[in-house]
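Can you keep this structure in mind? I'll have questions shortly.
Here the chain labels run A, B, C and D in written order, and each chain numbers its own residues starting at 1.
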């Protein structure tokens, strides 16, 4: 089943929500989903008779770094509209078709439902995305740091594009 | 009334003889019985993904070497193909053939380490050294070809760093001849040994549906009885030209998806890899291996998710390019990282000694988990 | 009950089979070598310690840019026409004095990416694989041949040359201005003369 | 022997100490040095390696160098250990394994102590090791040590049962507990060895041979487990428990556990030799007898005894470098479900045969 057909099914099933089809070359086509619908969409994709996306191949957080300069009322320039994205690469073992999802979250409040209940393997991937980008996965059973040490500074997420190496880590100078 | 004793928390690792690297397992024990296992990872985190954002595309290749350091060739292979797809480069036949041969040799080498260290985990030290001595032959082939024994940086975007050594074809054929009887020897020495079978059969059974839900791939998934191999199901490079089987776990000594199946699938995969090498080695066409290497690797804007059958499982590269010479984001779906997730589930209700045999059968490489 | 005896038999038999194999290996020749006494042979393409042939280096910085771990650091100085660094072995003219060519081999990841872009093939990976040191600083290999005095000398020379050039330029500009004046004057004289330098 | 020493030293007290120390210095310490080296060499050649090659010709002084190193090592004791037990444990293990040699007949000239309850003494004193191991594991205050000690104790105690039953079988056959007497019943040629039916004649001998072979295999396996060798080395199990009950030990204390292990290996090999393989008796008769040189005979006997014992030590090493390790419950399965039923069956059959 091609992504386009899947998109049609999705549109019919969720008439209230928006799906954006993104297909620039050589991009793999992906569908942008509204964060609030994500969990329902994922459950639907997994359980629907002729879709059956039973595996989550990959889940990756991305810092889009797409802030644009806007002027507020007082005329000061500030950056706005920066988003963090989560890409979901789904795959069906049964039908051997793929489907890519994307949700974009505002950087001020990067919160999205966890899909751990849909695909177990999302557990560590989500922890990694939390670890590196600070994306909060709601209802995740154990959302703690995974690759970075547990005492890593709160609110410091290394894979964000504006991350700067701290001068000290646990009282040790960097670089030593 | 059952007697309730106090639970004991045992820290296995990060420095422990058989955690296959710096992995810490927090075991909750009742006597020797496992109640819960929590893996703690990240001790080997080397910021691969952050590094990539500061590197040009060719410079990333040596970093991919260091992820799954037992299968560097396969990592290189995957990365090179992913970027080639992103850029629309077509490499010539010679490159494809050499790549496939190298990747299959690497698969054998990687499985040798997996099987050997599994033997050590169970307590048999000798098969480990026999396999390492044989692995040395593969490493020598690699060394003659590209000059390095472990971290090759051999497969470039658009080609290879060197053409094969003039002796390569002959020596590879010799190796195939030499290695077939060695597999039988390994089977007699370790695989069919009663003690080994007792230790591994019916231990850590992973049913197929759980495996799929956990996203398990590679030999572990196949041992659970799922006939799934990206070389057949989603062929990349020229794998569709070769005739080989996908070994699956049949539960010969126990239940489908137990540790022995996971072990034995790897043994059978070595035989299949030998088959592929035999078919490919005679048909290497002439050509220039650096023909398609671009002067400047600058893919157009876009993203790609490409996946490859590594010895450990499905290796996925998710590359986003913003049109510059540096990748915008490289995310690696490391097979061991995903396979490790199910570990806690498998261990419950087994003994301490079984933790070791289950961990060994997962064949994780911490360099890849932590990246 | 049958299984019981099968288990007993299998247990004993597979142990004996294994013992037979290890016993056979007892008489196989060793595959290891006595390392410091017997050295392993390195293949032609072995990638070990880096070596730079400074006679050929033109200080183009391409290797440093190719290095993924930034272990090469190069500093160069422009040469003066009267004191050039000479030619490379392939007859390429060198224009830069290489004042610093440091390779931190402790950082090096032996990927040999620096070797390929070199236009004069002066940086190469050698077969030398034993280079442990007691001090970390000893692992920084300094390839630049110039002594500090020479460097100050060259810097001075270049500065002088630059100054001279500046002066020349100034003089040239002056001369030009002068000439323009003269030309204007000549034009005024309405005398079409050939330009002379 | 003892009288001979009294003659030399003139004092029974000194002679007593010398007699007690003789096997230790003459035989067991050099043996331990050789055995550790042999273990490394055997394992190396089985694995297509060379093993130690630097100290002396083919590394023959490697163990000496190791011992020197271990003596120089700092004796590290962690803070939270139980110091008394911790320090005492290695000695107990050492005593347990070395005291067992007291009753072994090395040759007709040198029997440490020809007591009538030799076999009983041997089994009893070698159980002392259990106490030492549990002490070491417990006092280390380390979870790995504790697990190792628990495993070890359950293992050794369980495996004493098949050993004891097989020994009982032999006692039934030979109707004595004295190791010297057992040896002397198998005198002269190898067809008199117990493994080939001993002194029995006719149909009884013929029936005994397979039973004795089975009994030999059982006692070999169970003694292997008693000395914690692969495939029964789960108390140490380096891939699971780091090194089991002696994880926290360093330096000489560690070396004592190590030496005790090797001494134990030899002790049980000697026991098997005495029970089944004619003790110190030559299988073919003596050179000394045929040449008429009387003093040569005891020396020959000593050599034969050592050869037989060391052969079994070598087989133990050979097994170690071939086999994987069992799990703790499988270990118990092997003992309780396989070895004990078989050994009881043998006991009954042998009893029946000796009756008729």
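We take it that contacts are C-beta pairs under 8 Å (C-beta built on N, C-alpha and C of every residue); 3 or more make two chains touch, one makes a residue touch a chain.
All figures in this text were calculated on a predicted structure; none of them were measured in a lab.
When the C-beta contacts at B-C and at C-D are tallied, the pair with the greater total is B-C. Separating the centre of chain B from that of chain C, both taken as means of CA atoms, is a distance of 34 Å.
Chain centres here are Cα means. That of chain C falls 64 Å from that of chain D. Chain geometry summary: the mean Cα position of chain A and that of chain C are 42 Å apart. The distance from the centre of chain A to the centre of chain B, with each centre set as the mean of the Cα atoms, comes to 27 Å. Chain D has residues 46-49, 321-323 in contact with two or more other chains.
Across the assembly, chain A contributes no residue that touches 2 or more other chains. Counting only residues that touch two or more partner chains, chain C has 7, 11, 15, 18, 21-22, 25, 31.
Listed by label, the pairs of touching chains are A-B, B-C, B-D, C-D.
Listing the residues of chain C that touch chain B in their complex gives 7, 10-11, 13-15, 17-18, 21-22, 25, 31, 43-47, 66, 68, 109-113, 116, 125. Residues 41-42, 45, 47, 49-50, 53, 85-88, 210, 212-216, 226, 228, 233-234, 299-305, 307, 314, 316, 318, 320, 328-329, 331, 333, 337-338, 340-342, 370-371 of chain B touch chain A in their complex.
Per the touch definition, chain B reaches chain D in the complex via residues 8, 10, 16-18, 32, 119-126, 129-130, 133, 189-190, 193, 195-196, 198-199, 351-356. Those residues of chain D that touch chain C in the shared complex are 42, 44-50, 53, 217, 318-319, 321-323, 334, 337-338, 342. By the touch rule above, chain D contacts chain B in their complex via residues 43, 46-49, 143-144, 147, 230-231, 233-234, 237-242, 321-330.
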